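Please find the structures below.
You will see two complexes here that share subunit A, one where it goes with subunit B and one where it goes with subunit C.
Here is the complex of A and B:
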């Protein structure tokens, strides 16, 4: 039971000569909110894409609950109960908000050939999907086309969709970026309540203040390598992190 | 009803069946196909060969026709997993030309002479002709529409819609792109095969040129004009594309001009098709049915 939920060992992803992720190792512990920080191009989203199966690693291992998942296809990894959002939102634009969530709830059916022929237009399914929308505060927009929503609502929709999939682990890729202050506060509360329900959360965040306040632990990446790891206070005090974000003390060129 | 109208109606019904199949591939699953006539032809040739060489009745041959269409749909659906959009369009055009060339050049398929002497469809001891055959085609059109309607309500259909909208996001919620694209291809080609079998037994003579690339283009036009991804769009499109040449018969020299203008007007004013999202027809329907969202 004390085994970490996700173990990443020596993970690398190279695109030709570019080492986007280079020998990164870390664990995600059950029930924590772990933040992945770093400047632009540090390899945070690539890390996400490796965990969720969009990319296959050049080297290294990913184990989820003791099972190797590196090299598995994205839909198989989703089937393990790992849900994710996207930094550049990817709604099913011509489906309604409710249908977006229903499409994700279909995860219980997509793998079983007889079940894919059963109807999703049932009141029970609608209720379940609506309760997810309620949770992210979108239930009033359930019948709108997803493509017409503003960014803030799309970020919530992505969380609802990922929640329909995530039984154990939720990956949030910059769910706060481009949002107003009140919206950020609401989503912070939402993430806390998700963790209170027993889910583990890994999130990428640019906004230092938000990440420091929300996360139990932080991992800082820079140029594809792990720069620091620890509690927010420890990371904030780390020389290496300050250097990566603000440049070397006394050096002429600011980063 | 005059023979002329019955013939026109039968052709439109058959085209509507085939267009519904194309709509499953293009409109539901978002995989462009410009080679649908090939699958129509594969159904027609399978039915014709089974009827003339093996002596099977239309009904006995039907499962084989559907099976063959499904199998070849599966086989040729594989390219759609590797290539997307423009490249998929080109690949499917290629498939159309290859299939047509095979029909045209192999003695087994009757070569350039085609296959003649295909018997009429028999049912309850009588041979279906004229109105009876039209009713048979309409019956199958209803069956195909029921399948399409169910597809809009079942998880398989929702998975296809999600794939059409955003493949990466669809995979992230557990939808296997391979499985559901192939599923759409197989369903679509089965419907084309069914249409092909009806066509063979209706014309009673088929040749490779009946299933050439221009037919693929007009099938796609039916789907686009009617409204991609809608239930009734392909039917409306098949009616319009089927009736227009008859209406414009006196203007035979200007026909292409009219088609072109029609297509450009569609693209400019109703890009989602006549029954598509936000189309004029749909807005009128919504007004007539207060509170209803289709």
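Here is the complex of A and C:
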């Protein structure tokens, strides 16, 4: 089982003349926390959308566990066990917190014709959804309308919802942005525990310090191309990264 | 007093029928944000196909089931072949297409079945009621029972089942629902199946209630249901039902009591204008 979980080869996505992602290749190894870094507009979220099937690549391949997934519909990719969050939180605002997770937990059934008469309130499904909420620390708020939660709780809800889908790979799009320091620490611990359970995590992160501390490896993108790849220490030392992303050498140490 | 009560009960029956037709429109708007004017065409087809099957088989049950099946197919065809390809354009584009479908279906019915009014002589298997001078005919009893059953079933599906949860999730954000493994497009089709099957029932009920089936029977419902989903709150199914019931009763009482030279069909639009001015999100809509 040494084959990488996700293999990305020569991936490109062009919007008209804009090369949002341009010939990027990298692997995600099983059980690692891989960080995707880069300045605004570097193509990180486009990469996510390509992996989760929102966009079809202009060129290149994505293989998940040996199976080509580029060109598959988003719900099919989710069905393979790839769960994701969104940079701008997108809860189902008119559903309760629990229903948000249950909607994602229905994954096993949605692939077939919907089981009209199976009640989603049945105990097993509900228990699993509640345990996910407990894990992210939202079980007390299970019956609240999701739209009424503050940002920090919404980020947790998105992680719970993505976990309901993610049997193997969890994609986190800036799960720390807009959060307070304590909240960041809690979510860092949560992500580590998720990895400890055997999941693989790919995360987009803006906050260098968080990314360096949390990730096993980092990929740095700039203008749609891969600028650097390696362990946090290697990336931090890379001249190209320092220039493109961190500014000049002096400020790199400050960050 | 008896007369007033009878008027009220008639009005409630009219409102129930409005509710049955408006449901499909509210469901479709809720999930696709399209004003599905062609829903009235589905309703017309429902009445014609129901009448055809009834005349062929003599069984009202077969007529209803057959008509529901045909309308479900028509509804899904409209969604797959007309609305879905047009979703990338501004909302007025699918709206124009929808109006075109309504007009085409009217003309098709005229060509196939003729312009004359056909009669729908079926006896609904429901009892008459006589209570202290008030008569509730079997047709009205049928309208009540069927509407109640449809609403109950719809409530059960949307709040108690996995399908309903997927429908509610997809109606809030299809892209996110997709990322959660919900096949949103399938859910949209299922919504059209449900709405269109209910429209078939409504078409047959109206055909029997007024003993009339004719090509342009969908014209007035087409715009009246539009007004009703605005009054109820765009996308709100309970709002659409409440607005329909209120309008049915208001129209009937207005004709029965007020001697206003106002065509009854104008009332829906006066209500719509009022709601837009005073409570633009509609009776039960959210902002």
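Quick note on the criterion: the second predicted complex is superposed on the first by the 242 of 255 C-alpha atoms of A that agree within 3 Å, B and C clash if a C-alpha of one lies under 4 Å from a C-alpha of the other, contacts with A are read in each partner's own complex, and residues count from 1 in each chain.
We adopt the following convention: a contact is a pair of C-beta atoms (placed from the backbone, for glycine too) under 8 Å apart; a residue touches a chain by one contact, two chains touch by 3 or more.
Keep in mind that this is a model prediction, so the values were computed, not measured.
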When subunit B and subunit C are modelled together on subunit A, clash or fit: clash
Is A:143 contacted by the first partner subunit B, the second partner subunit C, both or neither? first
Quick one: classify A:41 as touching subunit B (first), subunit C (second), both or neither. neither
Is A:161 touching the first partner subunit B, the second partner subunit C, both, or neither of them? both
Which of the two partners, first being subunit B and second being subunit C, lies in contact with A:4: first, second, both, or neither? neither
Could you tell me if A:93 is touching subunit B, subunit C, both of them or neither one (first, second, both, neither)? both
Where does A:230 make contact in the superposed view: on subunit B (first), on subunit C (second), on both, or on neither? neither
For A:23, decide between first (touching subunit B), second (touching subunit C), both and neither. neither
Go through subunit A and flag every residue that touches subunit B in one model and subunit C in the other. 52-54, 73-75, 78-79, 83-84, 86, 90, 92-95, 99, 102-104, 106-107, 109-111, 115-121, 161, 164-165
Contact footprint of subunit A on subunit B as seen in their complex: 150, 153-156, 158-159, 161-162, 165-166, 168-177, 179-180, 229, 277, 293
Interface residues, subunit A side, partner subunit C - complex: 52-54, 73-75, 78-79, 83-84, 86, 90, 92-95, 99-100, 102-104, 106-107, 109-111, 114-121, 161, 164-165
Residue set of subunit A touching subunit B in the complex reads 52-54, 73-75, 78-79, 83-84, 86, 90-95, 99, 102-104, 106-107, 109-111, 115-121, 143, 145, 161-162, 164-165
Subunit C residues touching subunit A in their complex are 157, 160-163, 165-166, 168-169, 172-173, 175-184, 186-187, 190, 286
